[in-house]
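Structure provided below as structure tokens; questions to follow.
For reference, chains read A, B, C, D and E in written order, and residue numbers begin at 1 within each chain.
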């Protein structure tokens, strides 16, 4: 447990001190939301309709951004060898990586989103649903992404391409997330979409670490 | 000249073989465009209105993505030292980096965009304008980005954050680019917007390499 | 404790790097691997650490009661110090060692002792990115002192170290052997008075 | 050609790493830098190469006609082989050396000669990421043979090399000196029979 | 089991079977198409457009079935390290990819007259699109890793993780209210479709299946001989299984 915490903390520390980390994901997210009206034109109706989708697309892209730094540097500088030799099971190592990635991306984004909501003319009742959907959904995105990053470490010439290959797995998150917020905007009940979103997240959080650990063991060659 | 070509070719080669490169930027771009209807809902009217902006936002983000790999690895593995000792002036080194980055991002994207246009229900007359605006504008984005990346190498703890700081400089490209395409969709004349776009690109292509070279010289400690 | 290898063979990519390697190292003994570049010294050390699969052969670590250790138990009774030093530029030396202690499952208080053993006091607050080549190596060797483990696997430990530190490494290793430890090391220079050496073939 | 340094001093970050360094190396001479880890050998080599600014002092490279070289001319009359090897995992050894030849402004046909000189033929088609430690070093030393340049700056050139390659490096350096070249090298081991050494102070 | 474990024997047997299988494929597909286009009655609601069904439905079944086969062989490769299991999974992927594309294309061709649109983002359609991406990803993964042993291990993981999608596709029509209709053949309580329509459907399905087996064997044979060539070329001793 102590090792687990130490691992999460180290990744957060590096993320904060190095190129970007939490700030990077948050800035990227904010940027997409700020740029949207510039690109789409300032019509409140269009923005309001596009809002839920834009927020979720932005979240997807922002979590994608940091994935290359989740495991690649560890593989390059030998830390991965030490992780594999450590008493902590690799599944928990993967979970720690997921946690650190989420805390520096999805979590920050969820806190940031309500502040940015007015920029896209989001209805007030939809704002807590936006935050909730991001909080519930982004852990799943981090889990899928980390599993992809783990596969990436074993691919000499693959890297982020893999993350993009796994992005199809993120589509359900986008659909459920955006439809929860849209439902709230239309005064409908977002519960069902949120339940599906949570289920997807939970599945990803169970399967992701197992797949990531299997991929890390793969380096045994 | 031969050195210049060799430098461009090497970066393209590494990009193609390593994590992503051309494929990455293209896939990222395509992904944003494919995800857009998922998030925004499939209404053709909304998509058509949002289309030009979405394409340009996607282009901005896709060029941003590869910037970390333009100079950071060279700084880390000592290639930058050799570049500084080489007879090629650092301004030309920077220009070569810009060219390689553009060829593996903006250029590919410009070719890809017309194929993706139907997904966002873009009008047929707007499609060549979309391609033209991307071809004219993205070199400027690469130039600004490379200058930012050069600054990044001299800042121990900066990296991509700088790219995001420089993104405000990219806003004019977004505005002129999107409005050229929108004008074409509205059967208006896109020439003026395209001229502004080209001007912005040219300025960036002149100032960018000079700024980047200055930033690289800064490492002299 | 004993480390016994029989008929080991390993491939890297498409090439058989070595074949039919046999050795038997017991408590208090050191084995120094020599051989030309690319002959598979690093590969062999990684195979022993379980970081790389072997193509053929058998490797056993036997504890003092004669029982064969499981893979997990083996992982926890060895230290691996390779070419790569697992030092991140963003972390201070102190933080790096604390993290390594955590990974080993060692109490964090051992960090101070390790810092003292390797003379890292003046560097403790420096970021990893600012260290000189030899300073990095010292930080990475300091892992050895974070937790007592019997089997040390050292890949070219002398590289980049200055003369006093080489002597210190030699002392620390000799003491480790005297206390019943085992060392397998790769080196291009004489190491540990070359107690027992094995030369890997020319395979290029 | 002559390399003359007078009263050199350099800072890294907040620290004065060395001060008041003087030397004078002429054609055919080698200077080997010794000194503990962190004493500034790497820093000094980078200052000589012009990659790092100096805090105080003066450094001149004088050609055989007695004229002081400009910074550009100096850059083009030296080879710098540092700790970092500028080898990208995605490029094959052959491609890496071709790229380095281009950077030096040397004709690409020299690559084959360099490969032969350093015994890299079996590795030419291997990706950089697959090389062993010593093989990487050899590729990076092969830069020396891509173009004839008088001043060689070598940072711990012996590291990771096997015994035959050490001998080869020694021969190549001796030949370079015999042809009127200059060498400034940092090393923790005896190098070039330690013709002339300078020991940097203890600064930790 | 042991006799198939030997790749040489596998190649021999596969070679022997290939002409027969090719013949059977041709026969079944021709019969199936004839029955579908000329014998089966037009649908009382949809008219002749419903004939797309005989191409679409079995293709959709195959897309699921082949992925399931890939997942199972990957699991076999994972657990028993059987040398042919990875080869089977690798050889299946492009065939499955083609069937998925066929299901998507015929589905959206059918969607235009039936739903008035080529495409909707409902659960069934979206999950099949994801399946298509997974096939592509699997193929790309094999191609980006040079060493077959390593690529095989990475691909296994992707195939197994992606298998989650299969039940989602299968049950999406029950879990969510979608435009796409529910199952009428593979049901607990037996098929609910008239036998005049069921017969051509089943003949087509059989034809697709034999097609799959045929090309699977051909592709596996090439793969096995390519690997042998590679081993010889690189001067490796045969790796003990």
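Simple rule for what comes next: a contact is a pair of C-beta atoms (placed from the backbone, for glycine too) under 8 Å apart; a residue touches a chain by one contact, two chains touch by 3 or more.
Please read all numbers here as calculations on a predicted model, not as lab measurements.
When chain centres are set by their Cα atoms, the one at the greatest distance from subunit D is E. Of all residue numbers seen at the subunit A-subunit B contact, over half occur in both copies; the interface is built from largely matching residues.
Centre-to-centre separation between subunit C and subunit D, using Cα means, comes to 30 Å. Put simply, the C-alpha centre of subunit D and that of subunit E have 59 angstrom between them. Note on chain placement: the centre of subunit A and the centre of subunit D lie 46 Å apart, centres being C-alpha means. Distance from the subunit A centre to the subunit B centre is 24 Å, each centre being the mean of its Cα atoms. Shared contact sites, meaning residues of subunit C that touch two or more other chains, fall at 13, 83, 89-90.
Contact of a single residue of subunit A with at least two other chains is seen at positions 17-18, 156-158, 161, 171, 175, 221.
Those residues of subunit E in touch with two or more other chains are numbered 121, 146-147. By the touch criterion given at the top, residues 11-12, 46, 49-53, 72, 75-76, 78, 80, 82-91, 95, 98-100, 102-105 of subunit D touch subunit B in their complex.
Touching subunit C in their complex are the following residues of subunit D: 12-13, 35-39, 42, 83, 122-123, 130-135, 137-138, 156, 159-166, 188-189, 204. Contacts from subunit B toward subunit D in the complex involve residues 2-3, 6-7, 10, 13-14, 17-18, 73, 76-79, 81-88, 219-221. Here subunit B touches subunit A in the complex through residues 17-20, 23-24, 27-28, 31-32, 35-36, 38-41, 43, 46, 49-50, 52-54, 56-57, 60-61, 65, 68, 72, 152, 157-161, 164, 167, 171, 174-175, 178, 182, going by the rule given at the top. Those residues of subunit A whose C-beta lies close enough to touch subunit E in the complex are 147, 151, 154-158, 161-162, 165-166, 168-169, 171-172, 175, 203, 207, 211, 214-215, 218, 221.
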